[in-house]
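In the two complexes that follow, subunit A is the common piece, with subunit B as its partner first and subunit C second.
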Partner chain A sequence: MIRLDKVSYQIETSAGAVQVLRDIDLELPDGSISAIVGPNGSGKSTLARLVSGLLRPTSGSVRLLSDVDTQTVMDVRPGLDVGLVFQNPDNQLVATTVEDDVAFGLENLELPHAEMVQRVGDALHLLGLEQFRDYPPHRLSGGQKQKVAIAGVLAMKPSFLILDEATSLLDPTNRREVMQTVLRLNNELGIGIVIVTHLLDEVLVASRVGVLANGVLAAWDSPRAVFSNQTVVELGGLVLPLSARASFLMQERWTDFPLCLTPEEFARATCQLI
Partner chain B sequence: MALSRSFVLGQHYPGTSVVHRSGALVKLVSTIALMIGVFVATKTVQYIPILLLLVVGIGVSRIPLRFFVRGLKPILFLIVLTVVVQIFFTPGTPIWQFWFVRVTREGLGLAGFILCRLVLLTLVSVLLTASTSPIELTDAVSDLLKPLSYIGLPSAEIALVMSIAMRFVPTILEETERIIRAQVSRGARIGEGNLVVRMKSFIPILIPLFVSSFRRADDLAVAMEARGFRVGSPRTRYHARHFQSFDACILLGTAAALSGVILWRLFL
Partner chain C sequence: MSIDLKNVDYVYDSGEPFEYFALRGISLHIDDGAFVGIVGRTGSGKSTLVEHLNGLLFSTRGEVIVDDEIVSKERTVLAKVRRRVGIVFQYPEDQFFAETVFEEVAFGCRNYGFSKEQVDESVHKAMSTVGLDLERFLSLSPFQLSGGEQRRVAIASVIAMGQKYIVLDEPTAGLDSGTKLAVLTELEALRQTANVTVILVSHNMDEVAEFCKEVVVLDGGTVAFQGSTDAFFSDVDLVDRTGLELPESYRLARALKECGSSLTVNECSTSRMLDSLRLCVSDLGGA
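Presenting the complex of A and B:
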């Protein structure tokens, strides 16, 4: 489990200190899927970097707690405990071939050669990238590049994977493919997933959604609870999924119409109403 | 993609030949030795040992000859310019003259010599880069520079910088083409007019290109850090390789060619 206790982060600018995040308390259970949403500049990416150990909080703590031995408490180590996948796949692939890129993080961990070969093979297999092993990154599609980035992170065997707007530059088909891959990793390997996004359709798979507004965690609840809270929706500047918006329109006429998060739920509720 | 396809020098041509499977460090050392040999020679005929080794290398590598011919294209202008200058401006015995233009025997000889030198240097480089993957090549550079790390030269970091530079060549070329298309669609006239106008027309391309490259570098640094990279920290190597018998053959062949050039120059 990753626990954030009263985490604040501020940066110094020429105009003075700017508080990016303030008193964030979060618990991310092992194997869970969580999401962080919020408008641009709300501190989503900073929070992702704090959780991954890339940044140190100005105050408070970000710690990895072992479920097996509750005495074990450590700071999060970048890459090793928490893997971070960024928005633009072109700007995170380092090596000249897919295989070498997946091995990059393992070289940094100083792993022996045999183990690197094993882990690279496993990661490529998991992501279905074996046939692209020798490809240079620029010959891949956006979705494939993002999968290579995930494979590179996955090879380091982190217990959590953070997707920092990792699908926002992809077309709908590639976006769906990447999200399906991530969910499969959660399901098969039990890796905890944190989705940082402004695309609310993607957060429906999360058990908990955090809404950041002006550096403050305005809500930390299930997607249904968050989306039904009008104050939080307005505070976070959230544009709800179409089914949810249609549900609110229906509620103006039929007050007991339920909040539907997917088209399937909406169709079912409408049928029941008829 | 058109820009990226036009550069062969530095491009890898994947294969499984003996030359491809040879150690990158061995090939790099051989290439440097052959280049030294090219500069040691003082007559065109002294290039024969290097040429023979190069022909064998190209044949064994099974890389198509047209790939090497395409490799000469980027330096074609330099070759023509150098040859023309040598032919018409080298003093000596005239064999043809019209007004103030004069072709001399020495000029023709020197032009042939320079032509061979430039072609050999290019072909040796193309054979190295075509038969060696960029990552192997950067590892080889790192190995070659390793002794200098004892006096504080960050050899591993230099190799990584080279590797990343090579990785981003196609990306930056694509970005350049995208910016050119964007500027042309807004009415910019790229590469038209006289030299000054043409140079000025590239400013709207270079500024966004620099800005995006700096942003890219920033993102990449964070991404590398997120994958455990620390400047100066030790790293292991994914590409582990042991010395093979054909590595010895390449080194022996190179030693023979280089010795041939030196002996030819000294005694013949």
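Presenting the complex of A and C:
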């Protein structure tokens, strides 16, 4: 698992030091799915970079612990232990063909050629990109490019994958596809997933949701618990799903009406009632 | 006054082995003062289409007409068209260059020869439209801001120029839900008060249902649907075929109907849905 102990991060600006994150304690178990939400500027992307080892905390520690043997502790190696996928694929693609792009990170690992070919092939297959193998990445659409970026990260075989708003530029079909792929990777390969997002349906797949507000972790709980807590919802700049707002409407009349997070749940609950 | 496209084709690498029709036979009419959504799956031609609206791309065949002006490469025509149509790109923050937020937002206005007072006023208005406190951000470098703040500064820098048509290519990707709503609500206010036409490219069907009265649906570079947003989302097969999804409010109405709930609501946008649910609840309350 990845453990954050009292992690703080500060940057120097012309106006003085700015505390971006303060005293974050967090445990991300191997194979878990977590989501990080919060308003713009609350420190989500900074947290993602800290967890992935791209940034070092000003104070506190980000460590990788073996779930079996808690004595084995080491620093997160960027790119190797934790793969990070950003919002804008254009900033992440470097090579002239899709295949080379996926291989780019691997080339720095001095792997035997056969293994590289194997890993690139596997990654392309997992993302359904085989037919684009020889394409120049700039000719692909946004969604396809984002899949290439994810494939490049997966080829490194990280134990965690962080998606920093990685689907926010994709159309609904591609978004569902990418999310399904990510969930499959979690399910089949046991990769831990951290989803930094503003999108509700991505929050709902997580078992734990971290709500950041002004650089502080305001909540670390199940989606349902987070959405039930009005203070946390406001702090996190979250807009409740329609179904949840409709549930609150129902609760004005039927006080024991459950909090529903999807239309289907809401419909079932109303049918049982009236 | 309107924007019209007549039989527009756009072909990448025409005549070469990689020849690719990004747009094929597009005919469109966008009225003055409308709030139009442009939707479609990734690669359906949305970005290519909007780049035609102010002469960043020129159609391979067919005409693009902005307020009776046929868009062409001629300098005077282009200057006129670009003065009328402003585009906020997908990654607007990639284009930052100024040292301060104020300078960034003021840049376009200065280019159009606004007086100092006009520049000040436009920058102030634009910053408040996107919900940023100008005093706080004024002298910060745009590069220091968070992703969402950068996005808003970029939107402000286009709004500040006061163009008649504002085209936004996925402006809310990466904005938190509260800010997203706030920015779109302000754009709607701008439309009502200044008769600005808003053309919104979006993958977020909830916001399309909420704000766009009309929608243009692209599929494989052709227009699969143009008309009222309500009519589009009522056609589930078409929504599915074009790779899109129903807004949550439409799914809620359908789910209620399917399980035979006595709570019946019409398919409509989120805010209207909450209003009619409120009515239903008070009607049913006595039972």
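We take it that the second predicted complex is superposed on the first by the 273 of 274 C-alpha atoms of A that agree within 3 Å, B and C clash if a C-alpha of one lies under 4 Å from a C-alpha of the other, contacts with A are read in each partner's own complex, and residues count from 1 in each chain.
One rule holds for everything that comes next: a contact is a pair of C-beta atoms (placed from the backbone, for glycine too) under 8 Å apart; a residue touches a chain by one contact, two chains touch by 3 or more.
Predicted model, so just to flag it, every value in this text is computed and none were measured.
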Does the subunit A-based superposition show subunit B and subunit C clashing or fitting?
clash
For A:Asn88, select first, second, both or neither according to whether it touches subunit B, subunit C, the two together, or no partner.
both
With both complexes superposed on chain A, which partner does A:Asn174 reach: first (subunit B), second (subunit C), both or neither?
second
Does subunit B (first) or subunit C (second) touch A:Glu264, or do both, or does neither?
second
When you line up both complexes on chain A, which piece of subunit C, out of 73-81, 109-117 or 253-261, runs into subunit B?
73-81
Shared contact residues on subunit A, subunit B side and subunit C side combined as an intersection?
88, 90
Subunit B partner, complex, touching residues on subunit A are 49, 52, 54, 77-80, 83-84, 86, 88, 90-97, 99-100, 103-113, 116-117, 120, 134, 136-138, 152-153, 156
Quick check: in the complex, which residue numbers of subunit A touch subunit C?
13-15, 38-42, 45, 87-88, 90, 139, 141-144, 165, 168-176, 198, 200, 237-239, 241-243, 245-246, 249-250, 252-253, 263-264, 266-268, 270-271, 274
Contacting residues of subunit C [partner subunit A, same complex]
18, 40-44, 90-91, 94, 140-141, 144-149, 151-152, 170, 173-181, 203, 205-206, 243-245, 248-249, 251-252, 254-256, 258-263, 270, 273-274, 277-278, 281-282, 284-285, 287
Taking the touch rule as given, give the residues of subunit B at its contact with subunit A in the complex, in rising order.
4, 14, 133-135, 163-164, 166-167, 170-171, 174, 216, 219-220, 222-230, 233-240
